[in-house]
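Sharing a structure, written as C-alpha cells. Questions coming.
Labels run A, B and C following the written order; every chain starts at residue 1.
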Amino acid sequence: MQGLEVRGLSKHFGGLVVSENIDFDLPAGARKALIGPNGAGKSTFANLITGILRPSAGTIRFDGQDIGSLKEAQRVQMGIAKTFQITTLFPQLTVRENLRLPILERQGLGRRLFMRADSNRSVEAEVSALVDQFALGSLADRPVLDLAYGQQRLVEMALSLALKPKVLILDEPAAGVPSSETHLIIDAIERLPDDLAVLVIEHDMDLVFRIARSIVVLVQGRILTEGTPQEIATNAKVRELYLGGSHG
Amino acid sequence: MNLLLNIAVDGIAYGMILFMIAVGLSVTMGLMRVVNLAHGGFALMGGAIAHWLIEKGGLPFVGAAALAVLGTVAIAMPLERVIYRKIYGFGELQQVLATIGLTFLIIATIDFWLGSSLLGIPLPETLQRSVDLGFRQLTAHRMTVIVVGCLVILGLWALLERTRFGILLRAAVDNRDTASALGINTGHIYMATFALGAGLAALGGILGAELLPIDAYYPLRYMVLFLIVVAIGGLGSILGSFIAALAIGLVETAARYVLPDMATIITYTLVILFLATRPQGIMGRAS
Amino acid sequence: MKLRSYSVAGVMLFAALAAFFLFPYNLAFLTRIFIMIILVLSLDLVLGYAGIATLGQAAMYGAGAYAAGLFAIHVWADPFAGLVVGAVAGAALAAVSGVVLMRTTGLTLIMLTIAVAQIGAEIANRMREITGGADGLRGIRPSKILGIWDFDFIGVTGYWYACAVAAFVFGLLSVIGRSPFGLSLRGVHESPERMEAIGVSVFQRRLIAYVMGGGIAGIAGALSAQITQLVSLETFSFTLSAEALIMLILGGTGRLYGAALGTVVFMTVHHLAAANDPFNWLFVIGGLVLTVVFALPSGLVALPTSLKRLSKGDRHARS
C-alpha cells in the first residue's frame, strides 16, 4: 500500500503506557486529524512515526517497507516530514535562505564549496514556488525573526514541504497563532499538494473540522474511534470527552 | 606496595585541593548556567592575600589563611553583583569573553600589587612535621589537606541536606524558574553560593600552594584543570566534583610517579576520552 | 552585493599598500597583523559561521607552525610547500581531535579545545630533541619564494608574501561563505535540531568546518614560522587562542571583514599600549573585553547599524 500503515504500535516508558496497540492508516492524499485530550499520547505517536522515539512493539510500514528501525534522518529522506510544535527555524536567515537550505540538501548540493548558494536554477525555482504557495513574497528577503508568529508558522510549514515529503505531519500548526491569523494556516493547508498524505495534530476544533476528511480520536494512548467529521461530531463518547469532561 | 601508598596519599591530597577549588565553580555553573573561566582568580586572591599577610604583616598561618578567605569572599560578593549578575542571561560566548576579561584584570591587579614572581606561603612549623602512620611517614600538611577536604565535603553535605538554605539552593539548581516563581529570592541564593564557592577556592588555593604554586598567572595556568573537574563531575554536582577531583588527583599523581614526562598528556587524553563517551560527566543529567 | 564585496576587497588592498608606505619601519608588526588575520579568519569559519565555541584555535596554529618549521629544516625549505605542510598538520590535528570534540557542546567543548592546545604545548615541550622544547625551534631558513624573492632583512618580501596569503585565504573563505556549505554551517549554528530534521548530520558538518578551520589556522602558523624563523611554545598558548577570539568578537562574527577589522584594531591597540609591560597590557585587554561584551556585543562591524537603530529609537538593537 502507498502511504503509512501502522499496526499494533505500542510505546511504554518504564511502566507508563503512552501508546497502546494503535492501528492507523494514512494513504497518499489523505487529510486526517488526530485529536484527543492533553496527555493522550498524540505527540508520542507523531514522534514514533518520525523516528524520534522507538516503538516498544508493533510495525510501521511506509509504501510497503518496514521503517520501524530507521533513524529520523533516513525517514526524512524517504519522505516523512513533520513540522515542529514550537517553531524551529533559522531565525537570522531570510525566508528564502530558510527554504534554500533543505532544498539544497535534498538535491545533494549541501556540501558544495565553490558555487554560490543562490545560483542553482532548479533550487531557486523551488524556493520561489514555495514562497508563492505560502504567499510570503513580500517577506521573502527578511530575516525570519522579523516575521509575525503566524507568518513564521507558514515558513515552518514551507520548510517541511521543501523536503518534498510524501507524508507531512503538522504538529499543532496553529498553536500560539492569534485567531486573526488562523485563516492563513488553514488556507496554506488547503493548498497543499493533492497527493500528499497529511496528518494534523491539533487542539483547535474549528481548524480540524475545516480541513480533515477523517478524524482519529486518541485517549490514553488508545484509539477511541475514527470517522468523518460528521460522525465524530455526533459521536456520544467524543461529545462526552470534549463537552462533559475537562477541556483539553 | 609502598609506591601505591605514596600515590594514594599524594593523589588524595591533590584531589582534595582540586575539589575545594572546583566545587564552587561547579555549583555556580550548575546554578547560574554561567561559563566562568575566572574562578581560579579566587584561589589566586586567597593565596596572594595570605602571602601578603604572612610575609608583610607577620601574621601566623592560620590567622592569615582565615583573613585571606574572608577577604576573597568580600571581593567576590560585589563582583557577583557588578559583573556576574549582568552576564547570567548572556550567550555562552559572551560569558566566556567576559570572564576571560575578568581573569586578565585579576592577573594584572595581582601583578601590580605583588609582582609577577612566586608568592610563597610558608607553612608553620607544626604543618611541616612528619607524622608516623605506621606504614609510612606523612607530612602534617598532607594530613591537614585531606582532613580539611573531608570536613568541607561533610560541611557542604550538611549545608545542603540539613539547612533551609540547602533546600532553596537545590530547588534553584533543579529549576530556576520554578524557584523564582515560588517566591524564592534567587538573587540572594546566587550571591551566597558565589561567595561560598569563592571562599572555598581561596581556601584551596592557600592550602594547595605547595602543589599548585601561587603566582599572578595562576588562573590561566590551572584554568583547564579546574574546568576538567567540573566537566567530569557533572555541572552542579558536589558529589560528582568530589569523585572527579579525587580521580583526577590520583590519575595525575600516578602518572607523575610512573611516567613523569607524560603525566599531563596522559591525564588530558584520559579526560578527553572519558568526556567523549560521557559528555554530561559522572553525575550530570543527560540533556 | 557583488559590488560591495569588490569594494571591501579594494579598501583592504589599499590599506595594505598605504600601511606599507606609511609605516616602513613597522613592517614586522604589519606582517604579524596579516598572520593574525588568517588565524582569526579561521576562527570566524569555525565559530562565526558554524557556531563551534572554541578557545583552542592555537592548537592548530601551533601544529602548523611546528610542522612547517620542521619540514623546512629537515626536508625542503620551499615556502609554499611549507604552507601546505602547515595546512595539512593543522587539518590533521583538527580531524583527530574533532572526532571527539565535535560530539560535545557548551562548557565541555570549550574546555576540551583548551585542553587539546595544552596537550600540544606539552608534547612540544617534552620532545626537546626534535622541537627545541622551551627554547623554541630555531634554524628555519625558508628559500626564495617561487625561486625569485628572497626573505630580506627589512621584511619587504615577508610583508607582501603574508599579504598575498591573507588575501588568498580571505578570498577562499568569501567563496565558501556564500556557498551551499557555508549556508549549511549557518544553519547548523542557528538550529542544529532543524538541520537534523532536514536530514543533515550536524556532527559531520561541524567536523568538516573544524578541519577546514584547522587547516587555515595551520597556514597561519606555518607563515609565522617562516617569517619569524622561529617557533616557540607560545604558539600553543591559551592567550593566543583567547586573543584571537577577542579580535573576532571585537570585529564581529560571521562577516569576514569583521575578523580583519577586529584584528587590525586589536593589534594596533596592543602595539601602542602594551609594548614594554605585558601586565599593563592585561589591564587594557581586560577592560577592552568587558567593554566589548557589555557595550558592543555584535562587534565593530555592527556599530553603524546599532547607532542607526539607536537614533531611530528602535529597541531591538540587541539581537
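Everything below uses one rule, namely that contacts are C-beta pairs under 8 Å (C-beta built on N, C-alpha and C of every residue); 3 or more make two chains touch, one makes a residue touch a chain.
The structure displayed is predicted, hence computed values, not measured ones.
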Per-chain Cα centre nearest the global Cα centre, belonging to chain: C
Maximum centroid distance from subunit B, chain identifier (CA atoms): A
Chain pair, most C-beta pairs within the contact cut-off: B-C
Whole-Å gap separating subunit A and subunit C, where each centre is the average of the chain's CA atoms: 43
Whole-Å separation of chain centres (CA-atom averages), subunit A against subunit B: 49
Rounded Å distance between subunit B and subunit C, as computed from the means of their C-alpha atoms: 32
Set of subunit A residues in contact with two or more other chains: none
Subunit A - residues contacting subunit C, complex: 72-73, 76-77, 81-82, 84, 88-93, 97, 100-102, 104-106, 109-117, 145, 159, 163
In the complex with subunit B, residue positions of subunit C that touch it: 47, 53, 55, 97, 100-101, 103-108, 110-112, 114-116, 118-119, 122-123, 126, 238-239, 242, 245-246, 249, 279-280, 282-283, 285-290, 292-294, 297
In the complex, subunit C residues that touch subunit A: 175-176, 178-184, 186-187, 190-191, 193-201, 208, 319
Residues of subunit B that touch subunit C when the two form their complex: 29, 35, 83, 86-87, 90, 92-94, 96-98, 100-105, 107-109, 111-112, 116, 216, 220, 223-224, 227-228, 230-231, 235, 261-262, 264-265, 268-269, 271-273, 275-276, 279, 281
